[in-house]
Structures are given as C-alpha cells and as structure tokens.
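Each in structure tokens, the structures are laid out below.
In the two assemblies presented below, subunit A is common to both, partnered first by subunit B and then by subunit C.
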Partner chain A sequence: MRTAPKSYPLSWRILDALERLAAMLWPAGLKGAVPYVMLAPAVLLVGLLVLGLFQIADASLRTLDTTTFLFSEDYSLANYRRALTEPLFAAVAWRSLMAALIVTAVTLIFAFPYAYVMIRTRSPGLRKLLLIALFLPFFIGQVVRAYGWLIILGNQGMVNEALGLVGIAPMRLLYNYPAVLFGLVQYMLPFAVLMLAPALTAIPEEFEAAASSLGANWVRTFVHVVLPLARPGFIGAGVVVVTLSLTDFAIPAILGGGSQDFIANAIYDQFFRTSDQGLGATLTLMLVALGSLVVGLVFTLFGAGTLAMGRARR
Partner chain B sequence: MNAPLSKTITLWLFVAIALVTLSAPTVVVLGASFTAGNIITFPPEGLSLKWYAAISQATDLRDAFLRTLFVAAVCTAIAIPVGTLAGIALAKYAVRFEKSFQVYLLLPFTIPLIGSGVGLMLVFGNAGVLGQLWPVGIAACVINLPFMIWAVTASAASLDPDLELAAANCGAPPLQTFLFVTLPAVMPGVISGSLLMFILALNEFLVSLLLVDARIVTLPVQIYNSIRSIITPDLAAISVVFIASAAAAIFLLDRLVGLDIFFKSK
Partner chain C sequence: MKSLKLPAVSRRGFLGGAAAIGGMTALGLPRAFAAEPEKPRELIVRAWGGSWVDSLKAGVSDSFTKLTGIAIRHDLTEDNEIQPKVWAAVAQKRVPPIHVNWDTTTNATKSALRGVTEDLSDLPNLANVTELAKPVGLDGFPIVNTYGYVYVLAYRPSAFPNGAPKSWKDLLDPKFKGRLAFYNDGIGFHFPAQVAGGGKLDDIPGNMQPAWDFIAKMKEQQPLLGEDPDFTSWFQKGEIDAACTISTNAREARKNGIELAWVVPEEGAKFDTDGLWIPKGLPENELYWAKQYINHALTKEAQQVWLDGLGLPGVVPGLTPPADLVGDPSYPTKPEDFENLIRISSKVQVENESEWFSKFKAIMQG
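Moving on to the complex of A and B:
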C-alpha cells in the first residue's frame, strides 16, 4: 500500500492521460483518416501558393488606367494581348529560354563527371572534399555568390588586374550574356550533382567491370551502360536546372547589370518600376504556365526520375 | 579495378574546372573581407580586420541580420511539425490519391520562385499583413517545404513497419508507438530537413525581395541593394556571415546524419 505510487511513475500517468485524450479526440472508427489529417497542414500551407495563383489570375485580367492609376473593375484580355505582341517581352522570353537550354546542357556535362567521381572514388577524404565543395556554395545563396563573381570579373576585378600584370588591356567581362550563363551554370551545378548522385549510386560497379571484361573501353561503357542507367538522374537534374534557370532573377540582375533581363526581371519591373500589376501578373502566369509545361512534358515523356517522393520512390 | 589513364584525366579535367568554379566566389569573398585597403584590389593591400570592426558598428546590417534570423526561425518552426507529419503520412500509409498528393506537395518546386513570390505578395497584401516579418518566414517555409518532406520520407521509408507492430503487440497504445518508435526513427530526416530549411531561409532572396519594404529588409536583400551601387569590402565581411553559417550547417549535417544522406540509393 505504501509503495504503490512509486511503481507507477508520473511520466506514465501523463502518457496515459494523453493516450485517453487522443482516443477521445480520435475514435478508432476514424483510423482510416489518420494519414489525411497528417497531410492536412502541409496541404493548407501549399494552398497559400494555389490561392496566390488565383489572385494572380484575377489581377492579370484587370488593366491599368494610366490616367487614374486604378485597375479596371471588369475583366479583359488586354494584358495578354500586350504580353504576346510587344517585341520586348518576346526578346526577354527568347533570351531566357535559350539560356535555360544552354545552361542545362553545360551543367549536365560538368555535373556527370563530378557526381561519378564522387560516387566511385575509393577515398573517403576525396568524397568528403567534393561534397563540401558542393554544399558550401549551395548553402551560401545566390547574392553572395554573385557578389564573389563581381569581385573576380569586374573591370577592376581580379581577372582584369591579373591580365594587366602580363600587359593585356582590361576587358569587359561582366554585364553580358556569357557572364549570366556562366553564373547560372555555377549556381546550378550543386542541384544537378545532387539529382544525379542517387541514380549513379544505384548502378552497381560490377556492371562497368562486366562491360570492360567484355571488351568495351571506358567511353563505350559510359555511353552504353552508365549513361542509359543514369537516365532517371538526368531527367531529375535536367528538369530542375531548366526550370530554375528559366525563371532565375538574381543572376541576370546582378551579373547582367540590367542589360540581360530574364522573364523574372521583366515581371519584377512591371510590379515595382512601372507599377502595372495587371501586366506583371499576366507575365507571371505565362511563366508559370511555361514552367509547368516544361515539367509536365518531361514527366509524361520520361517519368518523374529522381524527383519522386514518398512510397513511389522505392 | 584500375581505371585507364585517359578516363582518369578526362574525368578529373571536368571535376577540376567544376571545383574551381564552385569555390572561387567563396574564397574570393573570404579573402576580400580581410583586406586592409578601402577598395577591393588584387593582389590585396595587406591583411586587417578593420572591415569586421566596421560591420560590428553598422546597426543597419546588424538589424537586417537579426531580421533574417527571425525569418529563418519562423520558417523552421513551422516546417518541422508540418513536414514531419506529411512525410510520415506519405511514406508509411497507403494514401488514396497518393500521386495527386505528391504532385500537389511538389507545387512549391514546380511553380517558379517569382510566381510563388508574386502570388504570396498578392495574398499577404490582400490580407493586410504585408510589411511584417512573419509572413516572410511563412513564405520561406512554403517554397522550401518539399525539402523537409523529402528528408522525412527518406528516413521513414527505412523504418521497418514490423517494429511498430511489435510495439503495439507489446501493449503500446498508438500515441506511444508514434512517440517512441516512429518519431525516433525519422529523427535523422527531421534534423537534416530542418537544418536545410533554416539555412535556405537564411539565404532566401527573391521572395524576401518581393515581400519586404525598406523598413524590414533581410540581409540578402540588403546586400543585393548595396552591390548595385558600389562594391566595398564591408559587404564582403558581412557575406562571411553566410559563409560561416553554411560551413556550420555542413559540419552539423555531416556530424549528425552524414553528408551522403542525400544520395542514398533506394
């Protein structure tokens, strides 16, 4: 009788109470609803984005009255007409699309050897070095990285000073298209390697040994064994790099210096320079559509690659 | 297996170029922050800590940094419960319309950042909360949420469902099973996911740029605004904050879960 309280510690009582509370709030009959309740907060949070899309769509149908600076009450498609006909937007869209394709090609070419060496190396030290070199810029953010490139490539930057030491006149290395492409490739490399790596890990090294013992040299082994098996990785990496570079803002803004605007920069200008919210919303919606089109096209053609999450991934 | 020399050389040529390109900005910003001169020159004019002294006096930079920390804290605090629950649900339960849920929860990645930013700007603007700091934290959480869910599903998938059945068999009620079996098993995912969320929110730029006004700029926006005018070494010194936090995050990730968690094959 005297020892009874000791045998049943407080934490157990709390747990029991919680358990009773849970059972009261959650009758066993509703057990099937558990996963949906667990998903609900995430669904609501992402719902903010969906709500945002609806509000963008609403704004895109209202035109700006330039005399009163008010937006029209009734809907019209005038903004879409402007977005599709004005040559400025076509030029910006073309510039972004071309950049996205070039950047994706170059990034994948560099990401594959990087991921391959990182996965296949026997040395844990080298693997760690490659991983850290990958994660450090990934975690530093675009603005600081672009700032680093300004120091390196600027008119009085390191490269030009170094060229000056050997008697070469300074060159304009910044604020042009190649500078933006270069900055984007550097920004995308970690994404691409991280998307490629799981696919490469899944390829048994014995496959390569088998190919070479059957007489294939390493180039043929790559082309006929490794690259086809790494396809899910290339799809995942390709989708991520295409969409991220197509819609990037910071790199064109900083390394392009205002002369190399991408779609995102044009959208920003509509909202904050000309204050034409309607046209800005129209361009945003068209960019979202373009991005989804690219993703949807790749997914239906090739599957979700390394991008799938949850049970389907196994 | 000995790799042929031509293979090693070719691969390493690409890797070396990639390594230099990846590291150059970080190294240069670090170097520039220690310069003794008033402008950034190459070769540097000697070493000093004077720019660090300068930024410790600059209240605008310090305030921007504190605001950024607050945004990252809000983002992580929301992401941990939301992402953990969603991740466990996706990984462990047979959810109807699972494919649709997956596509829906990947929306933050498939909608371009500028689209999410503009949408949230309109939503928060219409709700009348624009100009405050916590919506920026929520925004940072929404746009990076798939990272959190990913990290959790990855570790939840490796939990043997028999373990939970065993716990139940030993008499553990559902809540106890969840708290003492399921949750510890997904902990590595929760830790790596929340670290990712924190560091990504710390660096978040474009959505902040759209959601903040001049009174509440976050540090990346502040740096962006400054490098458009004149490049002074105090910006390099403040950028080192980001480099240091990135290094700390990598160190922690490596210690807690191992860096290679991101490419465990399935």
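Moving on to the complex of A and C:
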C-alpha cells in the first residue's frame, strides 16, 4: 500500500527541490570540476597576494626623491644596496631572526608537556581547564596582552611590588630584549599547543604501554617513542611559531621600549615615518624571502610535519 | 583683502548661505561670501587624540559647527598613517579620506612638495596672522601654520634635588641610566644634541657628527624611545625621570597630577610648528567649506580657546597666554623669547629627515 503523500516530510521536499535546483545549476557532467571550483576562492586570495607582491617588488626598485617626495620613474637597486649595507637593518634583521629561533625553541619546550597532559589526562575536568586556559588568550588580542605585561612587569607593577615586600628594590623588567622574548613566548604558546595536540592524539597510547611492558622507563619511552612520533607536530608548531615571531610587530614595539625593533617595525618606519615606501617595500620583500628561506630549510630537513596533512606519516 | 574663488552656486546652496550670513561675519568673512556653495553634512578633520583633539574641538570645531551647521568629525588616524592614504587618493584621482589635515609642518611640507595640497593663499584671515603662519621655503600657502611648540626637557623635580637641569648634558649622569625617554626617531633632539655635542647649528645639515656623537653618548644611558602617549604613561608609572617631549604633553601630564616640570636647557630646544592643510581632489563645495574651517581656525577667538587647551603660542596677535604659562620658556611671545630656541627651515628638515631618523635609529638600535 502506498504511503499517503502527506507523510512525506516538508524537509525532504525542500531537500528534493534544492537537489533539483543544484542539478539544474550544476549538471552531473561538471561533477569533476567541483573540487576546482571549491578551490577557486583560495586561488583568488593567493593570486591577490601574489599580485600585491609584484606591486611591492615594483615599488622596491624605485627611489624616493626628497625634493618632490615622488618616486623615480627608473628602476634601480639602490634600496637593496641600502638595506644590505646599512648597519641598522643588519642589526634589526639579526635581532628578529635570533628572537624567532629562541622563541620557537622555548615555546616548543613549554608547549609539549602542556599538550601531552591535555591529551593524555584521564581527568575530564583537567582537560577542560587546560582547554579553557589554552583558548582564553585567543579572545584577548596581542596588543592587549602586551599592555597587560606592562602592568604586571612595570616598575610599579605587581611583580616589583611583590619583590618590594621582601626588601628587593624595583628593577627594570621591561623594555629590553628578554622582555620581548618573554612576551612572544607567551603569545605563541597556544599556537604551538594547538599544532602539537593532533600529532600527540595520533600516537596510540598502546605504544607507550608496550614500551613500558618491555622494560623501558618513562624517560626512554619518552625519548625513543613519544618524541619521534610527535615530530610532525613539532615541525608544524615550529614553522608556525618561527614565522609569526619573525614577522611580529606589536610585542617588540610595546615591550621593547623602542630600542628592540624587529624587521616589521623597521618596515613600518619606512612606510609611515620617513615616507620611503620604496625602501619599505624592499625590506618587506627581504622579510618574505628570509621567512621563506627558514621555512624551506625546515621542510627540506624535516619534512612538512602536521602541515602536510598526514602525508608525512605514509 | 583677498577673495575666495567661488564655484557655481546652486539654489539650495544659496539659500543655505543666506541663512548663515550672521555666521559668516563671525568667521571673518565679508558679506559678499554669504552666497556660499552647498554645505556638506560634515567635514572630516584629522587630529591627534587626547587633549589635542579636545582642544581643537573646544576651540575650533564646535564653534565652526555652531556658526555653519556643518558637523565636524575628527579622524584620529596617526598623521604618519594618513599621509600615504591621502597621497594614494590624490594619485588615483579619488576623493581623499579627509577634508582637513592637522599635521606637523614637516610632514605637511612633504605633502606640499609632492603637490597634493590645495593653495590656501585666498583665506581672508591670513591678513591678520603673524609671520609664524607662513611656511618657510614654500611658495604661497599650501599649509597654514597655526601655532608653534617647543621640545622641552621635561623632568621629575624629585629626581633633580639640586635644582632643575641646566643642560642636556645633565642627563648623562649615571643615575639616570634607563630613566630617560626620547621620541623613537629622535625628533626634537637632533638639533640640541648638535649644540650639546660641541657643533654649530650653521653646520646643519652638512656636518652633524657632533649630534651623532652626543646621541651615541646618550645611548649608553639606555633611554626608552616612544611616542607622545608613552611619555605621559612612563612618567605616571615611575619608569622615567626626564624626557625630551613637546611642552603640551608635559603640561597635560602635570594637569593630571603627575609631578613634572620643564626647562629649555642652555644649548637650546627645538621650536617647530604645526599647521592645517587641505588635500587635493575634494568636490568644490567641500573644498570651500574646508577652507572656511581653516579660516575660522585663524580667528582670534578660536585660537584663544584652542591654544589655551594646548598651552602653545598661536599665530594671531593679541592672544593671552594661559595663566600657568606666563613667562614660561615653552611659550615664546617676544623676539627675545626665541633666542634660545632652535628653528630650522622645514625644507631642510624635510630633505634630511629620513637620513636623520635612520642615523638616530642606527645608533639606538645598534
């Protein structure tokens, strides 16, 4: 016996109609093109960025005439010569690169135990607590967090007040290189944990139990089982942290007291303080090149880690 | 008195203008200008934040709105950041993002040299201003300077128990290590450093080695480098004892209860000006009213209130200094008051500023 038409739910009818509409707009013959169409927005976005890079490259080859504040019609390598020979830019680039490497190493050291406990804990309460503590900083912008450190670490801040209680005179905790590194590590930690967590989740707990049952203590298990298997996570987290640190602007500007500029700060100065967009564009391209070089080196030596979306595990 | 050139007047504009005849008188315009073009709903004036914009609003913007009915929106984008936006708009023949730019004369001169500023020579109230209003080294009035200011040595009196500092060299005392602040590009300090370093002002820009040598010595003191709001914050939080900053910031900090005083040291202090200008590319009626805004800013009444707030000497004769600044070296009014102030032409500054900033940065970041 046929079911009465009224028993055919409305939601099904809507879905049928939508399917008919989709078939009309996108015939079955074009099914193979669907992935490419879905890729189109990303390609468009990357294309725009590449177009921007071409414009930046064009600007980098033009020099500023300070009698008219117009850029030269002719191309020259003068900006590149300046960028490579002036001690200021070498100092700033070296500081940025060193900071990126130090921050990456320290962040990974702190992020790993956090991610490990978050993944392996049997306590749902602790896992929730760690997740909340992980995501909370994402709701607070980088600038606000940096200003928070000004309040905590300032001459009249909480830390110095606490030191004062035990008779220690206020000391300068801010506006130096260590303060910038500290701020960056604190900023990067959640990124690193988020990148490490999937890699640790993918390590079966049985592997650790097997190592233990074969007589390995926790140190040997950690060194010979967990760390090697977590390598994709380390690479993914490392690449993210190193690139974000290398290109950071706000933390050096706020916690560095004006004397700990990174490359991004030098670029800002050229674009907005001296109106020399040509030199600013040159520094921008050199920063892109430096970042790409570091990432390329990591990929060449260690593979793409979790950023390869699982390919590295084959 | 010069006349403003008027574009074609619409009926609506004419009626609007007729309604504002009373206001025009107060703006310093003759009645012939009452047939003004259509009024825009608002004008956008770029300004600095805090007490700076509060003073502009109280002295110029509010009274302009009262007289004309045109609302003033203050755009607090940094002067350095609005500049490329305006330049790009003019180059692409778009309407610029602001009607009036309140700018440093040095920055404004860059825009004038680039040719993106409207000529303001026909403002009627220019007939009543002092020589300070005229930009040095430029033809006509692509900018109108509206007041002067001094980069003083601001200090915390308790940190100088033997009395106020007399020289910039006093800051080299080891007890001030890490307790000083300068602008992060060194602006305001290059010229006094030239004198403190044993050089001559006449050697600027040809030989500024004495300035760089003195700045290198100052670097050993590990000073903080920042912008206007940083100085107030650092003084307030006890981070610094002395700074080279604009007197307005020091005065504002003192008004907020921070223990602070300031001097012009024996080597001198940099005197500079700020001004107002209009970017090219505005519709004719908006250009007209933007000019009226600047013209209004040059009236004695507007200057008095605006500059009382800033604590700075204006460009209209007969202004009364605020009570707390009578006789203050940061508020020069007579020729002899300028003897210890250093003024270098905008053109020289503009052409060399990039190099000076880089040099200062290279020393401080090294």
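Methods note: the second predicted complex is superposed on the first by the 277 of 314 C-alpha atoms of A that agree within 3 Å, B and C clash if a C-alpha of one lies under 4 Å from a C-alpha of the other, contacts with A are read in each partner's own complex, and residues count from 1 in each chain.
In this section, contacts are C-beta pairs under 8 Å (C-beta built on N, C-alpha and C of every residue); 3 or more make two chains touch, one makes a residue touch a chain.
Every value quoted in this text rests on a predicted model; they were computed, and no experiment measured them.
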Contact-wise, after the overlay, does A:Arg145 reach subunit B, subunit C, both or neither (first, second, both, neither)?
first
Which partner chains sit in contact with A:Leu39 here, subunit B, subunit C, both or neither? Use first/second/both/neither.
first
Quick check for you: in the superposed arrangement, does A:Thr300 touch first (subunit B), second (subunit C), both or neither?
neither
Touch check for A:Ile56: first (subunit B), second (subunit C), both, or neither?
first
For the overlaid complexes, name the partner, subunit B or subunit C, with more touching residues on subunit A.
B
Who does A:Ser7 touch here: subunit B (first), subunit C (second), both, or neither?
neither
Looking at the overlay, what does A:Phe271 touch: subunit B (first), subunit C (second), both, or neither?
both
Look at A:Gly154 in the shared chain and tell me whether it touches subunit B only, subunit C only, both, or neither; answer first, second, both or neither.
both
Once the complexes are superposed, what residues of subunit A are shared between the subunit B interface and the subunit C interface?
150, 154, 156, 271
Residue positions on subunit C within touch of subunit A in the complex are 78, 80-81, 83-84, 110-111, 113-115, 178, 184-185, 222-226, 230, 237-239, 350-354, 357-358, 361-362, 364-366
Complex interface listing, subunit A residues touching subunit C
64, 66-70, 86-88, 91-92, 95, 150, 154-156, 170, 172, 174-175, 257-261, 266, 269, 271-277
Which subunit A residues qualify as touching subunit B in the complex?
15, 18-19, 22-23, 34-36, 38-39, 41-43, 45-46, 48-53, 55-56, 59, 109-114, 116-117, 119, 127-128, 130-137, 139-152, 154, 156-158, 161-162, 185-186, 189-190, 194, 197-198, 200-202, 205, 208-209, 212, 217-218, 240, 243, 246-247, 249-250, 253-254, 263-264, 267-268, 271, 280-281, 284-285, 287-288, 291-292, 295, 307-314
Show which residues of subunit B lie in contact with subunit A when the two form their complex.
1, 3-4, 6-7, 10-12, 14-15, 17-19, 21-26, 28-29, 32, 39-43, 78, 81-83, 85-86, 88-95, 98-99, 101-102, 104-116, 118-123, 126, 138, 141-143, 145-146, 149-150, 153, 157, 173-176, 199-200, 202-206, 209-210, 220, 223-224, 227-228, 231, 235-236, 239, 242-243, 245-247, 249-250, 253-254, 259-260, 262-266
